Each structure stands twice: as C-alpha cells, then as structure tokens.
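One chain, chain A, links the two complexes that follow: it is found with chain B in the first and with chain C in the second.
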Partner chain A sequence: MAGFIGVLLLAFTPFAVGMISILLPALGWQPLTNTWVDTQHVWLELWQQPELVNALLRTLVSGVVATLLALVCAYALVAKLSQTQFGHWLGAVAAPLLSIPHSAAAIGLAFLLAPSGWLFRLVSPWLTDWQRPPNLITIQDPYTLSLILALVLKEMPYLVFVMMAIARQDKIRQLLTTSQQLGYPPLITWGKLLPTLFYRELRLPIFIVLSFNLTVVDVAQILGPDTPPTFAVLLLHWFQDPAIDRIPIASAGALLLLALVAAVSIGWELCARSLLSYLKNLTLTGSRQQPLLEWGLRFAYLLSLLLLALAFLALLVLPIWGFAQRWRFPDLWPQSWSFDTFWRIQQPLLELTANTFMLGVTSVMLALLASLLLLEVSRILTRYTSLIMILFYLPLVLPQIGFLFGIHISLIVIELHHPFWTTAYLHWLYVLPYVLLTLKGPYLAFNQNYLDEAIRLRPHPLRNYLGIKLAMLKPALFTATAIGFAVSVAQYLPTLIGGEGRLSTLTTEAVAQAVAGDRKRVGLVAMTQALLPLLAFLLAALLPRIWTPLRLRLKYPHA
Partner chain B sequence: MLELNRISIALPERDLIRDLSVTVAPGQVVAVTGPSGQGKSSLLAYVGGFLPDALQGSGTVNLNGKRIDSLPMEQRRLGVLQQQPLLFPHLNVLENLLFAIPEGQTNRQRRARALDTLAAAGLNQVAYQLPDTLSGGQAARVALLRTLLSEPQALLLDEPFSKLDIALREQIREFVLAQIHQFALPTLLVTHDPEDVAALRASEIKL
Partner chain C sequence: MKKLAIALVAAMSTYAMAENANHPSWSDTLMKAKGQTVYWNAWGGADNINDYIQWVADRVEDEYQVQLEHVKLTDTAHAVSRVLAEKVAGQNDNGSVDLIWINGENFRAMKEGGLLFGPFAETLPNYQTYVTASARQSLTQDFGTPVEGMESPWGMAQVVFMYDTATLYEPPKSMHALLDYAKQHPGRVTYPRPPQFLGSTFLKQALSELTDDPSKLQQPVASQDFDQITAPLWAFLDELHPVAWRSGTTFPGSSEEMMRLLDDQEIDIALSFDVSAASVQIAQGNLPDTVRTYVLDGGTIGNTHFVAIPFNSSAKEGAQVVANFLLSPEAQAYKQEPTVWGDLSVLDYHKLEPKDQARFDNIPKGIATLSLGELGTTLPEPHVSWMEALEQGWRERYAN
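Moving on, here comes the complex of A and B:
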C-alpha cells in the first residue's frame, strides 16, 4: 500500500510542481531574481509580442487540419479494409510504423519533400527540366502544409490501429451484415451509421492526437514554418532565451497554449456532435445511395494508401542518404555508396545510441515495476481501478511544453543538476501510462487459479509470483517493454529539459541537426533512431515464442 | 482423518450450506452431490482456504487432529484437483512435478523421484514435453501426480473428470482411486455425476 501511494506521488507530483512553477511566473514572479512584476504587465507584454497572432494561427491550422485528415483517412482505410484479408496484412505491415519516433519520420519526409529531395528527383529532369534543385519552399512552408503532412503520416497509423480493433468487434460485424441484408451497401453503413459507434470509443485517442498536434515541438522544428514558428516552438524559444526576463511571458504563453488545447477540444466535441446528429438524421431517411459520402470515403481511402506509401518512402530514404557517397541532383540514386560517413561519426553515434538505450532501459524497467505494483493493488481494490487508469491518461493529454518548463524552472530554483536521472525520471512519466495501459488487460485477465495452485504446491508467494504469474505473462511484459522503450526513444522535450544540454540522445541530435546539418550524418542518426524501437518490437514478438523451447533445449539437451 | 464440523456457507442474501458435519477416514472418499448453485464447490473452497470474498463461511476443519480452517491456503497441506489441470504452460512435465516436490532433498533425488513417479504411471515418455502437447487424459494424470508429489494429507476433488472424454473417464477414475488408496488420503469429492460416486466407491452426501 505504501508503495502504491509512493508511485502515485512520484507520478503526479511533477505535474503539480510543474504547473505551479509556470503559474507563479505567469502571475509575475521572476524565478531567478526572485522579484515580482505586475501580473497585468506580463500578460500585456504577451499580447504585444509581434509573432503571437501568426504563431497561434499556424498552430491552430496545423493542429486541427492534421487531426481531421488523419482521422478521416484512417476511418476510410478501416472502412474499406477492416473486413478483408488485405486489411489484416496491411495492419501487420503498418504496425511497426507506430513505433518509429515522430522526429525520424519527419526527417525522412523532409528528405522526400525538400527541393533536392527524392520526390523532385523522381520527376526531374525528364518532366520538369530541372537540372538543379528548384527554388521552391516545400518544407517549413508558411502554410504549414509539410508539417500537417508529417503529423498525418505519424498519427494515421495509430488511429488505424485503434479503429481496426473496434471494427473487429462482433457487434460491428453483425451490424454491417444486417444493414447489408436491408439493402445498404457497406460504404453507406460506414458513412452514416458507424461513425456514431466509433466516435464513442475514439474520443480519447482523438483528444490525445489533437493535443499532441497542437503542442508538438520536435516535428514542428523540423518541418514547421519559421518567423514565426508554431506557438509551441515559439514558447521554446522564449524559455530558452538567454535574456531570462522572458520566463514570465513564456509561462503565460504556456497557460495560453493549455487554454487553446482545452478550447479546441471543446469546439471539436461540439462540431463532432452536430455532425453525428446530422448523420443520424441521414440514417433515418432510408436512402441507400449517398454519392457524396461514398465518393468522399473512396477519395480518403486512396489518400490514405498514398500516405502510407509516403511513410514507407520516408523511412527508406534515411539509410540511402546515410550510406550515399556522391548523390548529385537530379539523379534518382547515389552514384556511389560508402561507409565513410558511418566510420566518421561512429564514435558520437555509439555514444548517442548508448545514452538513448540506457535512458530507455532505465525508464522502462522502473515503469514496469510501478505498473505491476499499481495493477496488483487495483486487482485487489477493483473499485478504484478505473479511477486510477483515468488519472494516468492525464500526461498524454496535457501539453508537454508548459509543465516541463515548470519542472525546468523548479530544477533551477532548487539547484538540482543530475542530467541522467532527471531525464530518466521525465521519460518514466511518459513511459508509465503506455506500459500501464498495455499491461492492464492481460494482467487483470490472468487466471488467478494458476497462482492459487502454485501456492498450494509450493508455499513461496514471491517466488511463485515471479516464476508462475510473471513468467506466464511474458508476452504482455515483452510487448509493454517494447512500447515503453519506443516511447522513451522518441522523447525530445523531456530529454532537452532534463538533460540541461549535457545529455544528448539520438532524438535530440537528429532534431538539432535536421535542417542545417549534413544530410548523410542526419540520415544515419535518424535511421538508428528509427531502428532501435523496431528492433525492440521484433524482439518482443520473437522472444516470448522461443523462450521456453530454447530454455528447455539448453537445460535438457538429451531429451 | 479430515473432519468437517458444522460448516455453514452463505451468500449475502441466502444460506447455501447449513451446519454440515462429516468425517473422512484415510483412504475413504466422501462425495458431495447435488444440483449446481447449491454451494458444493464453495464447500471445497472453504475447506481449501480459497473461498471468494463474496461468500461467508464458518465452522471448523481438522486435519489429522490439527485445526486448519484459520490457516492460510499454503499451510493447510491439502491437494486440490479441479476441472482444469492447471499445469504451468511454460514448464515441461518434469518441471511441473519438480515444482511440487518439497525442499529438503538433493536435486538429483528430487529428479529421480519425479521420473520414477512418471514411470510408475506409464508416462515417462512425456517427461520433457510441454503441457499443451499432452492429451486430455495425460494432462489429468500429470496434474494428479503433481498434487500427490506435494505430499498433501488430504485431497479435495472438484468435478475432476467432467472435462474428460467419456472413454477416458473410467481409466482416470481408476487411476485416482488407486492413488488415494496407496497414499491413504482422506478425500472429499464434489460432483454431479453419479458414476463418479460409484466408481470411487464414495459415501454420498446429497445437498
């Protein structure tokens, strides 16, 4: 019980501390000099920032459009494919995409979309007559198109994954069959009837995606516009401004961003409700033909296939750049390949990989321990299970930038400098919800009779818990480990803030170098960044299957 | 000797069993029969110490003169067999048996004992297999051997044959009865199948 309360405190104190630490500066407190200015003054200064309106506008547009597009494309894909073999196959192929860090995918996309990128080489010079990269703004464009594309590429597979699980429920299948028997083509059912059923279960994932898109920093730094950037990136600049008197307006801005996320979420919910009630009325008309709906879904489906193809290309282009020696525009392939870049940067690359790996392993192991403790307690106190689980969604919906900078400020104030452990702790905060949610189902569904039987046969509760219960839950534990590890690898802002610039990971390095850096180097770093979680997923799928046969073969070689 | 003294079991809203007393001698089988929902399995759970929290149980249980109803499950020295064999799927048959053999012997001795037990039951060829490769009859026999190797002083059987093919049941019943006699175990059986009662030559208590 003490451990349970301990974990709750560890998980939620930082959020409280972080929020307070930006609330006070937003009210006018200067943490470094411990002086107060007028609250009104802080907020007036915020309003007078010349970049404010544009930055907010760009945030709003990119966040909402990306969420909408990802949702519609994912839904259309699921509508067309969820009941087919191809859908199963595609689901299996697309699953690893989920584990790729956002920033790695964004870098790959930048390599595709840049004027000297792969897409332009594909059509040059035979179609466009370009002998040199055209003078076009295709990434970091002011309309945030490239940013939107990157966000959609990354969020769509996640939503597909969630929706496929819903679509395979019996009640959905039965409903499809029934309405087909009543003369409705499946796409019409998907367009009119099913959105209401899906939305009920999709609300939380959508809000997570929406909040992420509105507050994302790393992807927006790579592909988002400049002068002004999106609001979250602007806040980062303010917080990092050497002129420390910007902390109050940055904190006020972080609160503004929080308010924006809340307002957009509410607006989204209202729009969704009216749209769904419109669809419901449409259902009651009895019409078996809705050309607009049907063609809309077909178009979105084609778009989603195109986006998936783009996502694969974006990953493929990373190693190509990494191992290219000479690659002149407009050649489609490098003239020559080499390991030169790899040998040249192997030392820093190894160090970055080691840091990333250590942070991942540390935070995941601690998250596993905490999750087992929380689940064991909620197994006994069944009444509180759902309450505890809801609390742990909180970190996923709150914008990172506000509370993390609060943490940053409090760390400065109490003069705590321990980059590795601070960073591991911040990673743990974000890894924990994913590990917990992954383990929850299998852990609570475990047939406790096995453990009871074990206790009767061998009176060693702890040894039985480890040797029977946890050993039998191996597949779930490995999956949770891989997911947690992927989450840790992808963390940008927590590493930046916890590490105080003294701890670099593949992700911070890739983001820092993404735009200005040498492409071959960035390609290698981003490729390694994408490979680590992929490897973890591969092992998580493989190890539980071969574990017991392998152990037995080693232990009983003659059997 | 297993003595049940004035056992009562109740749901919050109604009584299931009232003041049941019975004494089971070594090697004897007492069968508790009756329709489902009457608390047969709950009676076993109370004696075994795994009664769900939703149920209320009272009464004393003595095993070989020692009162056990207030002891935790693992200290009662009772062997339990249920419908499902509950063999640990990640351990092979030999390891499942080794799991049950009490400490205090060398590993070599423990292993020899497990293999001897398997051989005596004609199961030596499955020693290194995983439980999910066993047939239903093999799994049932291994589960019983495992329970016996933990050296219980009484057996609780909860419909242990109901999941088996009819052809197999007879064989397994004989096997179980032989073991009960060999180890002189007082045995409490819960079943709805009259053939179980007859085959194990049990005295019957109808609920």
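Moving on, here comes the complex of A and C:
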C-alpha cells in the first residue's frame, strides 16, 4: 500500500507543482523580481499580443480538423478492413507503425512536400517544366494544411490500433452478422449503427488526440506556419524569450491554452452527441441504402490509403538523404551516394543513440515496476480500477507545455541537477499510462488460480509471482516494454526541459536541425530515431517465442 | 627628485600588490581551473563551428586540464532564460551554464538582469597582450551596450550576401536594386524571420540604407521619432513581401536554411553573418562551386561576438581559461581558416609576434570569400534599443 501511495505521489506531484508554478505568474507574480503586478494587467497584455488571435485560430483549425480527419480515416479503414486478412495484418503492424516518432515522420514529410521535395522532383521537369522549385507554399502554409497532414499521419495509426481492438469484440461481430442477415450492406452498418458503439469506447482516446493536436510543439515547429506559429509554439517562444517580462503573459497564455483544450473538448462532445442521435434517427428509418454515407466512407478509406503511402515515402526519403552526397533539384535520385555524412557524424550519432536508449530503458523499467504495483492494487481493490486508470490518463490529456515550464522552475528550486534522472522521470510520467494501458487487459484477465496453486505447492509468493504469473504474461510485458520505449524515444518537450539543454536525444537533435540543418545529417538522425522503436517492436515480437526454449537450453545444455 | 621617484615607484608597487590581492593572479586561476568542467552553451546549428568548439575542448583539456562540454543551443535565448530561471529560484552557485556565446540583445538582458560574472575580460592575459579595444567600436560597445569587461571578445562578423553565378549575373547591390530584382523574379528573394538575429540585422541594414539620416539610429530609440524614421522601411517591406519567397507568408529560420534554399534554387540570394560561409558550404558539398559572396555598395553591418560567464557558474576559473585560450593567436588563426570556420580575428595584427603574423598571412582564402578590402565599409550596429522596436514593429505588421 505504501508503494501504491508512493507511485501516486510520484506521478502527481510534478503536475501539481507545475500547475502552481504557472498559475502564480499568470496571476501577476514576476518571478525575477518577486513582485506582484495587477492580474488584470497581465491578461490585458496577453490580449494585446499581435500574434494572439491568429495563433489561436491556427491552433484551433489544425487541432480540430486533424482530429476529425484522423478519426474519419481511421474509422473508414477499420470499416473496410477489420473483417479481412489484410485488416488483421494491418492491425498487427499498426503498433510498430505508431511507434515511429512523429517528428521523424514530420521531417520526412517536409522532405517530400517542400517545393524542392521528392514529390515535386517526381513530376519535374518532364511534366511541369520546372527546372527550379516552384514558388509555392506547400509546407509551413498559413492554412496549416501541411501541419494537419502530419498530425493525421501521426494519429491515424493510433486510432486504427484502438478501433481494431474494439472491432474484435464479440458484440460488434454479432451485430455485423445480424445486420448482414437482415440485408444491410456492411458499410451501412458501419455508417449508421456502429459509430455510437465505437464512440463510447473511443471518447478518451479522441480527447487524448485532440489535446495532443492542440498543443503539439515539435511537429508544429517543423511543418506549422511561422507568422504567427500555432499558439503552443508561440508560448514556447515566449517562455524562452530573453526579455524576462514575458513569463507572466506566457503563463497566462498556457492557462488560456488549457482553457481552449477544455472548451474544444466540450464542444466536440456536444457535436458528437447530436451527430450520433442524428445517425440513430437514420437507423430507425431502416433504409438499406445511404449513398452519401457509403461514398463518404469509401472516400475516407481511399484517403487513408493515400496517407499511409505518403507516410511510407516520408520514411523512405530519410535514408536516401542520409546517404546522398549531392542531390539537387530536379533530380529524382542523388547524383552520387556516399557514407561521408555517416562517418562524419558517427560519433555524435552514437552518443545520441546511447542517450536515447538509456532514457528509454530506464523510464520503461520504472514504468513496468509501477504498473505492476498499480495493477496488483487494482486487482485487489476492484472498485478503484477505473479511478486509477483515469488518474493515470491525465498526463496524456493535459497539455505538456504549461506544467512542464512550471516543473522547470520548481526543479531548480529543489536544486536537482541530474539531467539524466530528471528527464527519465519526466519520460516515466508519459510512458507510464501507455504501459499501464497495455498491461491492464492481460494482467487483470490473468487466471489467478495458477498463482494460488503454485503458492500452495511452493510457499514462495514472490518467486512464484515472478516465475509463474509474470512468466505467463511475458508477451504482454514485452509489448508494453516496446510501446513504452517508443513513447520515450519520441518525447521532445520533456527532454528539452528535463535535460536542461545538457542532454540531447535523437529526437531533440532531429527537431532542432529539422528546418535549418543539413538535410543529409537530419536524414540520418531521423532515420536512426525511427529505427530504434521498430527494433524494440521486433524484439518484443521475437523474444517471447524464443525465450523459454533458450532459457531451457541454457539451463539444461545436455537435455 | 630621485627620492620622490623611488617613493612613487614604491607607492605604485604597493598599489599593484593590493590589486593582486583583490584580483587573484592568473596562475591562481589556472590552478583552480584544473579539473573543472565547463558547460559552454553555444549555438550549435553549424557543423563547422561545432567541430571548432570540439577542437577547443581537446586543446584546453590537453593544456589546462579543463573539461569543456559544448551544450548545443538552437537559440542563445534559451540559455539566457535558463540562467534567469536559476536566479529566480535563488540558485546562486552551481548554475548549469558556465560559459555562454553571446552578444547584442542577449548580452544586454543578462547584464541588466545581473546575470553575469565580472568584469573579467580585461584581466585575461591574451586580452591584455593582443587586443586593442579602441580598434573597433564593436569591441567596447556591443550593439550600443557598454561591454565593460563583462564579456570577452571571440570573433567578428559582417553581413554578406551570396548568389549563384550560374543563375544570377549581376547581383543587386542596394536595397532598391534588391526590390527591383524581386519584382522581376517573384519568389526568389527573402530574408530570415525576425527576431532571428540575422533577420533583425536585415531590417537594420535596410533601415540604415533607406532612412534619411542613419546617424539617428545611434541614439536610443526612445529619443527619436520611430514612426517617421522607419516609415521608408515598412514601405519597402510592404512592397517586397508580395513578391518575396512564398509570398512573404513564411520566412527562413536561419542563414543555414537560406543556403539550403539557395542550393535548391528556391531562392537566388542568401544572407550570412559569416564572411566565409559560402566557401565552407561549397567545400562540404552543400552549395555549388559557382556561388560567390558580395556586399552592398553602401556597406554592410558588422559586429563582434563574445563569450560571457553567468554569475552562478561553478567553474568560473575554467571558463576564464577557455575565454583566454579563445583569444590566443593559435585559436584565432585556426578559427579564421575558411575550411575551419572563417570567422574574423579580434586580435590586433600589429600586436602579434612575427611568427603569429605569418600564421595569419598564410591562411588560405576560400574561392567564395571576400578579402578584408573587398568587405568594404562596416556599418555600425544601431543602438540596441532599435532591435526590439524594429522586431515589435515587424511583429505587428507581418507576424499576425
């Protein structure tokens, strides 16, 4: 029980401290001089920032549209494929796909979509007559289209992953069979009947996606507009402005962003309810044809396939840049290849990889430990299971930018100067919910009789717990490890703030260099960044299968 | 008379000894520096500069047993806000930044915020031996902020323009010519986004040329009629943006990005604060070898960049040893080699010993690097207060 309370404290203290640390400046506290100004003054000044309105607008548009598109595309994909062989395969690769750090994908996307990018080279000059890149605004556009595209690419696999799990449930399958027997084409069932059932279980994942999209910093820095940027990026600029007096308005802005997320979530929920009740009415008509709905789903399905192809190309272009020597527009392929860039940066690359790896392993191991503790508690105290889950989901729904800056100040107050451990701690906060979520199902479904029986035979509860229960949960543990590791690898803002600038990972380096840096170098760093979690997933799939035979062979070499 | 002289000398030496008691001697500093780890927060966006800093790290470790760690920043402001946050938190020693590459706005913020250790620069042996403070205004006035020994000079920079001779024959050598060129070739001209320092410098460069009386820019902005003085600048930008790269809706983030765009032929003219940038990028295969450098007919803005030590550094001695090493003829000459970095030396050539003079004489010049003579007139940076006012004006007009 003490351990349980300990994990609870560890997980929530930073949020509480971080929130207080932005609340005070937002009320008018000037940290440098430790003086107070009028609260009204702070908020008035925030209101007078020239970028404010447009930055908020761009945040709102990109966040909501990206969420909507990702949701519809993922749903269409699941609707078309969940009952097919390809669908099963897609469900299996969705997890590794979503493990690819979004910043790597965003960088690849920028390499594709820029006027000098791969897509334009593909059609130049033979089709377009462009000897030089056209003067077009295809990335960092003021309408946030390229940002939306990147966000959809990031969130769609996650939603597919969640929806595939829902689609596998018996009640969904039965419903599909029944309605087919009644003469409804599957797409009609998916369009009219199933959204309500799905939405019930999708609500939380959607809010996570929505909150992420409205507050994302790294992807918005790479593909988002810049005059003004989205609000979260603007806040980061303000927090890091050398003109010290920006801290109060930046804090007030962080609160404003929180309020925006809350308002959008409520608005979303209201719209969803009225839409679902409309669909319900549609269902009651009994019509077996609904061309608009059907075509809508088909179109979204095609769009999602197109997006997946784009994601594939985005990842493919990274190593090509990494091993190119000279590659000018409009050449489709590099004029010459070389390992020069690789040799030139192998030292820092190794260092970055080591940092990324160590952070991932440390935070995941600690998250596994905490998850097992929390799950064991919620197994015994069944009443609290959902409460625990909701509490630990919070870090995903709360925007990072506000409380992380608060944490930055509070970390210095307690003079904690361990960039590695601080960053690992912040990573742990974000890794924990994913590990917990992945383990929850298998762990709570575990047939406790095995363990009880084992304890009766051999009175060593801890050894049996490790040797029987955890050994039987091996596949889930490995999957959770891989997912947690991928989450850690992708962390940008927590690394930036926890590392105090002294700890660089593949992700911070890739984002820092994405726009301005040498593309060959960025290509290599982002490629390594994308490979690392894929490797973890490969191991997670392979290890549980060969683990026991390997262990037995080592233990009984002559058997 | 003789007695008086002796008394005078005696008095002077006692004075000197008292000085020594207050200022620990350089050998004390060297002693204390041994074994210290210096976290040098320096912008890390260019590989050649990073490599040079790594070279410095190796050298000071060999010679002075000082561990130098390069903390790569995307923006120096991040380090400033970190030191500030530490001050806020009352962390008066053991700070996370020991040395910081700095000038201009960031220096002013740190100096005025009481975030700096010093004065220390004028006590560095190499400063005393090789630097002539009066040689350039920018050595003592950092964007109008008096330096007063709170930062030690490291290098000098001047705005240069780059173009590809394969696509552009006659580069536009004034702001008016640049605007005409942009109108004839829509989408091929741009500048970095203020408040990125090169972007802000472009605004100052344009203002210096377009305004009626550039000498007014040397005064604090508060004492001047900002709207009247800057009106020609905004009129110029209003005309430029519709025909600029991506129609002025986005701007490159840095000089590096501009050079990448120049290589991609998305744009025709790139800017840099690094006089040998073009030669370096050609050597690394990032620009075609037809790229050349030029400056404007009316001269371009130049300044000095420095290193400073935060008030709460835990390795102030080590940081001073590094700052002193950076001022050595060896480090300055190596830095000026175009394939290394090409950054101009801050040392007074006439104060160097003959062998060091030869070292500078033998530095090869890259194919696209201008000589000191070709760099022409160096325009002074406007008073530091102009930067913020211009950035604010730019934000209100174009960033929303």
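We take it that the second predicted complex is superposed on the first by the 551 of 559 C-alpha atoms of A that agree within 3 Å, B and C clash if a C-alpha of one lies under 4 Å from a C-alpha of the other, contacts with A are read in each partner's own complex, and residues count from 1 in each chain.
Simple rule for what comes next: a contact is a pair of C-beta atoms (placed from the backbone, for glycine too) under 8 Å apart; a residue touches a chain by one contact, two chains touch by 3 or more.
Please read these numbers as outputs of a predicted model, since none were measured by experiment.
J.: Does the superposition put A:Arg502 against chain B (first), chain C (second), both, or neither?
T.: Touch partner of A:Arg502: chain C, not chain B.
J.: Could you let me know whether more residues of chain A are touched by chain B or by chain C?
T.: C
J.: Classify the contacts of A:Leu542 with the two partner chains as first (chain B alone), second (chain C alone), both, or neither.
T.: Neither partner.
J.: Looking at A:Arg456 after the superposition, I want to know if it touches chain B, chain C, both of them or none. Which is it: first, second, both, neither?
T.: The answer is first: A:Arg456 touches chain B but not chain C.
J.: After the superposition on A, what does A:Ala262 contact: first (chain B), second (chain C), both or neither?
T.: neither
J.: Now for A:Ala471: first (chain B), second (chain C), both, or neither, which partner does it touch?
T.: A:Ala471 sits against chain B, while chain C stays out of touch.
J.: Does chain B (first) or chain C (second) touch A:Ala512, or do both, or does neither?
T.: second
J.: Once the structures are superposed on A, label A:Glu51 by its partner contacts, choosing first (chain B), second (chain C), both or neither.
T.: Second partner only.
J.: Across the two complexes, what residues of chain A are contacted by chain B and by chain C?
T.: Chain A residues touching both partners: none found.
J.: If we count contacts the way the header does, which residues on chain B are in touch with chain A in the complex?
T.: 48, 50, 73-76, 78-80, 82, 84, 86, 88-90, 92, 94, 99-100, 127-128, 130, 146-147, 150
J.: Using the touch definition from the top, list the residues of chain A that touch chain B in their complex.
T.: Contact set of chain A toward chain B: 449-450, 452-459, 461, 468, 471-472, 474, 547-548, 552, 556, 559.
J.: Which bits of chain A are touching chain C when the two form their complex?
T.: 31-32, 50-55, 115-116, 132-133, 135-137, 140-142, 225-228, 239-244, 325-326, 328-329, 340, 344, 408-409, 412-413, 415, 417, 500-502, 504, 512-513, 515-519, 521
J.: Residue numbers of chain C touching chain A in their complex, please.
T.: It comes out as residues 39, 41, 44-45, 47, 69, 71-82, 84-91, 94, 96, 105-106, 109-110, 113, 186-188, 193, 245-247, 249-254, 256-257, 260-261, 263-266, 284-286, 288, 388, 395-396, 398-400.
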